[in-house]
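A, B, C and D are the chain letters, set down in written order, and residue numbers restart from 1 in every chain.
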Amino acid sequence: MSIREIELEGHIIDSMTLPKVFDSIIDMGGDFEVLEFDIGKHKTDKSYTRIQIEGRDEEHLDSIMSEIHRHGATLPEIMDVECEEAPSDVSLPDNFYSTTNHQTYVRHGGRWVEVQNIEMDCVIVLEGVEAVCKPISHVKKGDNVVVGEKGIRVIPPERPREKSVFEFMGSHVSSEKPSDTLIEQVANEIKETKKSGGKIGFVLGPAVLHTGCSEEISTLIRQGYVDVVFGGNAIGVHDIERAIYGTSLGVDLCEGRPRPDGHKNHLYAISEVVKSGSIQDAIEDGKINSGIMYECEVNDVPYILAGSIRDDGPLPEVITDTVEAQEAMRENIKDLDLVIMMATMLHSIATGNILPSHVKTICIDINPATVTKLMDRGTAQAMGIVTDVGVFIPRLTNRILEDC
Amino acid sequence: MSIREIELEGHIIDSMTLPKVFDSIIDMGGDFEVLEFDIGKHKTDKSYTRIQIEGRDEEHLDSIMSEIHRHGATLPEIMDVECEEAPSDVSLPDNFYSTTNHQTYVRHGGRWVEVQNIEMDCVIVLEGVEAVCKPISHVKKGDNVVVGEKGIRVIPPERPREKSVFEFMGSHVSSEKPSDTLIEQVANEIKETKKSGGKIGFVLGPAVLHTGCSEEISTLIRQGYVDVVFGGNAIGVHDIERAIYGTSLGVDLCEGRPRPDGHKNHLYAISEVVKSGSIQDAIEDGKINSGIMYECEVNDVPYILAGSIRDDGPLPEVITDTVEAQEAMRENIKDLDLVIMMATMLHSIATGNILPSHVKTICIDINPATVTKLMDRGTAQAMGIVTDVGVFIPRLTNRILEDC
Amino acid sequence: MSIREIELEGHIIDSMTLPKVFDSIIDMGGDFEVLEFDIGKHKTDKSYTRIQIEGRDEEHLDSIMSEIHRHGATLPEIMDVECEEAPSDVSLPDNFYSTTNHQTYVRHGGRWVEVQNIEMDCVIVLEGVEAVCKPISHVKKGDNVVVGEKGIRVIPPERPREKSVFEFMGSHVSSEKPSDTLIEQVANEIKETKKSGGKIGFVLGPAVLHTGCSEEISTLIRQGYVDVVFGGNAIGVHDIERAIYGTSLGVDLCEGRPRPDGHKNHLYAISEVVKSGSIQDAIEDGKINSGIMYECEVNDVPYILAGSIRDDGPLPEVITDTVEAQEAMRENIKDLDLVIMMATMLHSIATGNILPSHVKTICIDINPATVTKLMDRGTAQAMGIVTDVGVFIPRLTNRILEDC
Amino acid sequence: MSIREIELEGHIIDSMTLPKVFDSIIDMGGDFEVLEFDIGKHKTDKSYTRIQIEGRDEEHLDSIMSEIHRHGATLPEIMDVECEEAPSDVSLPDNFYSTTNHQTYVRHGGRWVEVQNIEMDCVIVLEGVEAVCKPISHVKKGDNVVVGEKGIRVIPPERPREKSVFEFMGSHVSSEKPSDTLIEQVANEIKETKKSGGKIGFVLGPAVLHTGCSEEISTLIRQGYVDVVFGGNAIGVHDIERAIYGTSLGVDLCEGRPRPDGHKNHLYAISEVVKSGSIQDAIEDGKINSGIMYECEVNDVPYILAGSIRDDGPLPEVITDTVEAQEAMRENIKDLDLVIMMATMLHSIATGNILPSHVKTICIDINPATVTKLMDRGTAQAMGIVTDVGVFIPRLTNRILEDC
């Protein structure tokens, strides 16, 4: 039998840290003894506990440690992080440490250093006095990759002490909630974020356009509520199709029915942009006078259009290489405080993959499976709203703008 | 080999009658010869065709006839309908004629008589010079039940010559249509129906209340847009819960979160109504001052609350016997021109079961399966709108009322 | 400010009791002080805590108490339960105690008495030395209805210490799990239950028949794996339709396509049973020789067919009054150890409503919304399996029977 | 008013060609006169019709022509196709002809030439005596791009005269069909295709692995039933994860629960392949001994792994540039007779986009939205089966192999 001690600190009961640690130990057939337990006496007090974990042998204990570590358990002994060199590009040393999306510190040279650009399913590389989170594709031969769990501290987000639309544990997915209240809460979240100087990212699927919400999103961009837009070729193509021809995938947005010959419009839209050279050029040529792409260009709001194998065209702005597109998203995700995902499973999950868990995330989709998958894939902080973007966005926009 | 002749008349090509007849014959291994074909030369002209059907034997031919008859094929020989006496209550003679939900005529005593109260999956009973559609549970020993397909003419609805939200064949279920246009079309349909003196039924599930749309529906009732309401115990209970306590299933409709102790409110609501004696009495006692039930009572709009095995309580107004509840719905479905179904699979299908196919039907639900099942179960005239009632209803109500 | 003390005991951390209590207090704007905390040192040890709850005033404190009480908090002072007389039939005294579906004890005459037939959203009535759980519709004028939370102890189910398909907190709904493993676990659960003399209920929707699984379910009944069947008219009608005609809703179960004239078969099936008098009589008349209803009758397995407003017919066995049908289900739900729900939202929720939380519940449906709704409506112990019953049931049956 | 004549030929009634043409004309506010109608007298006879179309003016008429042309209407005058030079790379001349996915001929130099590699939403380019279908991204400055609809003949697939799992018009999406029959029909389709020397493509999502069906698909590849595999990085990574570690996304495929530390396995899997150099190298190094990738490599079955922005890694085999990945898929889609899509919306739609409509397509997914979207996006020939791949695939594989 092997034993080891861990420590836990914070609002470890109602933020689920301690229950998850006990759960994991029991699930994995380990045992524990609580050596010390200092419960927070009031709701703002933190708790502290020291627990002895027992495993069948060192290997068993290692696997238990690896699991509970991810919930925030740390070894009380003060030890530096360990690392090993990457044997070659894009390959990993044995027992490499795989990151969570929670805020993470490593003890390095005797002091705790926050890991930069934390993101799930990546590795930590020590660079001098710094610690950087890197996706596996960035790992270079000789990189000092962190291994094991020693000297690593993970800080899962805690349950907020105040009521808000983000109830940490109640991140429920339901279509049977009072809609006006929900809209107001999301609107407040957006307004509060901007008021406090925060940054907001929008992740958009083409249904936003097909359901006729181009104008509302455009207004939000123009009014400064959007700091970056993520999407695919489709959001760009159909936005420009709408701007030039008034259709989305050939459907007349005023009449709500396919326009004769409308099926060609999205190809014309691509062709027009190509002829001009770029979206920016097409705006200057007077071809595009409104819409999401237009407002982004005019208001210097960056947008990333990531390519996918479904694409027609694509537009010149689309980053067709998916690894490059990920990079571009990573660049633009830094400093975001709030991410609103609307009507896209692919881009929501892709964005969720690279978001730290402390970034507030709202996922709006008519398909409950989108939210469920997003959370199953690790973006557990996401709050899901199952609704129809076509009617939700206009009401949300009204609410945001009404007292401006 | 057996042969028989049929006739088809009307807009039989674009209303799909002829394609379906050819399809059925081919599917069932029969053959056909077109004896006469007089195609409508212009879009308003009707077509006519006389076709000889060939089957392996009389039985095979009978089964082909039985199938294509339902699409509107009639035997050209002028023959009276045949009938047989029901052997006992609730039982059927062999080869009884099972109805469609399309307008149906029987030739009886040398003249064509329209079958009253047509409804799918029922039988036709001759009563003197009349022909009445009866559900199997109404059949009495000795009733003259129509058998075979002779002397019966079915008139499936034809494709409308004008554009409208009801495109006969395009009754699509999609969540990716321009929402504002859709809302406007439904609003127009409702306004047009009332302007022309028509009657509108609303079928409501409790999500209408949970999402906070009680006020909007109440307004529509008060303003005379609703002629009858169908629902279950839940719509009554949670409407009254909201009226008395401001919650729906314990969720505070202003704050959007469960109110402490709120889980008891729906039981209190039932109890309060029971103490008064009835909803009407509870209104008179001043307990209920708003909401759907209130407006129905005050404005003499009939409502049918049909019991289900999920029910708590139920309210005194609930018809707990399902056969009686069906009867009450049948009574109130007569003369309806438009039915709006919102957020309920059980009641939508139940209503669809007893609706003639010429009644315009709009089914609004966030779950596409509700619409698909409704149509699969025979209510093929339904137009499905996949959206969130919580945001759709407020916008719809605004649109209906804005130019009143 | 008002204060009160509560106690909690058991595996209160990993079974989520304490986190939920802290959560509720914080959510409701209360405060707490932990007076005593005795943590279970090992995984089999129980924990104990005594906490002082603070509210703004007595009313606020009452509502906090009412909420946390449902998670298992009890007042340490030994007090008897309080009750008040019901003012009239089907009506409730103020501040009545609304039950959870967890095992519940009341302190009455100085001793703890278990409440019989516990079920959610009901009341507790004291009858002599007994305490009985009653739905509101059973309450009679003068019944001693329990009020407040004093002297009531709720025992929520605890997280199992052993691995099993029922992981208390991991009652996840996912379609992306290894199917064979899942099937084996469900099969084991069924076999273990029978081996230990337990009772199993099956709740069945008609899709079980439409997808062609009649034979498998029949075999399970014949082999003694089923102690009661719940369903609606449809399961009875289409089972008999299949037995007599080989179709389900007119679809030939061998060919997989609508049989000509098949749409009449379910009406014939009803008519045949009516002519005989009952299903039992139709079996004796030699009309029905196989299927679920047949096996139930022949093997004396009770079945409850509850009426709904969608029904054709219905069969004579159907209990058309929904309140009576609920009663019949309650009678037959006693002593069940495991309930398997398949492909029916209505009957699953109705069964869940009257099931105590300690009964293991597995809900199998292709629509994830069925499981989500079931759990949202309070049947939190249900484990959801999102799969296609048509292919799941045959493999499950094979696995159950393979080593018999 | 402007008029023009068109011709239609074939099984134009039951294959829906004529109804769709009438529909489109009426929808678009045009009128028609049937000049000649020669109906096929028997079910194997073709019909012929000549119709005069009337529009308000030439432009209106053009748009009607453009629409009905896509359903197979051709101008009776024998005219050569017209074309215009592409003004620059990736841009289109005005009034370019946008392709359907139906077999298409152009009249060029007095003779009808079949368009090669037909695919929806592309253009036709004349190259000498040949006509080639090109996606917009392939268009080069100076290419002879076909414009207008003159001299183009579209041949939509006709309703099969024989029963088969592919009923042209009944391409229904339902989860309530007899599963065994459905499985048998799909198995037959696969066996028949191979027996007649046809080629089969499999499009696979990672749920195929998560649900534990790796072995079954591997067997089908080994036995020669699979000619090409399309998928993404995930199918490769988790297949290799399973081969090396026995987990899929960290879930132990035998125990059905997350394995401690298992979340790292997919990153290790990528790393192992990278260390070896390629999947082929990793097989030679003895790291990978089973699974889908293994069987593809060993049996020389080509596979295309297309990158997406969700990807971890990715594997060296993944084509990260989406335009290149599309090209690779196009290369490998030629000559396919049957495509089986399983549990992936992204790759199914991407494959559907480049498939001609005569290729039989079966889409298997637990989410009905996948099939609906596939068909809405133009892959109307797809037959949808809503089921759980985890239980469907093993039974399908058994059925395919049982009489080999």
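The rule we apply is simple: contacts are C-beta pairs under 8 Å (C-beta built on N, C-alpha and C of every residue); 3 or more make two chains touch, one makes a residue touch a chain.
Which chain is which protein? Per UniProt: A, B, C, D = Ornithine cyclodeaminase.
Since we're looking at a predicted model, the values are computed, not measured.
Should one ask which of B-C and A-B has more C-beta pairs in contact, the pair is B-C. With chains reduced to the mean position of their C-alpha atoms, the one farthest from subunit C (Ornithine cyclodeaminase) is D. Work out the mean CA point of subunit B (Ornithine cyclodeaminase) and of subunit C (Ornithine cyclodeaminase), and you get 32 Å between them. The geometric centre of subunit B (Ornithine cyclodeaminase) is 37 Å away from that of subunit D (Ornithine cyclodeaminase), both derived from CA atoms.
Rounded to a whole number, the gap between the C-alpha centres of subunit A (Ornithine cyclodeaminase) and subunit B (Ornithine cyclodeaminase) is 45 angstrom.
Touching two or more other chains at once are residues 27, 163, 176, 257, 369 of subunit C (Ornithine cyclodeaminase). Per the touch definition, subunit D (Ornithine cyclodeaminase) reaches subunit B (Ornithine cyclodeaminase) in the complex via residues 13-14, 16, 18-19, 22-23, 25-27, 31-34, 37, 39-43, 49, 159, 161, 163, 167, 169, 173-174, 176, 368-369, 372, 376. In the complex of the two chains, the subunit C (Ornithine cyclodeaminase) residues touching subunit D (Ornithine cyclodeaminase) come out as 163, 175-183, 185, 207, 210-213, 248, 251, 253-257, 366, 386-388, 390-392, 394-395. Those residues of subunit A (Ornithine cyclodeaminase) that touch subunit D (Ornithine cyclodeaminase) in the shared complex are 24, 27-28, 63-64, 66-67, 87-92, 96, 98, 121, 123, 135-137, 257, 260-261, 263-264, 266-268, 270-272, 274-275, 306-314, 320-326, 329, 345-347, 349-350, 353, 367, 369.
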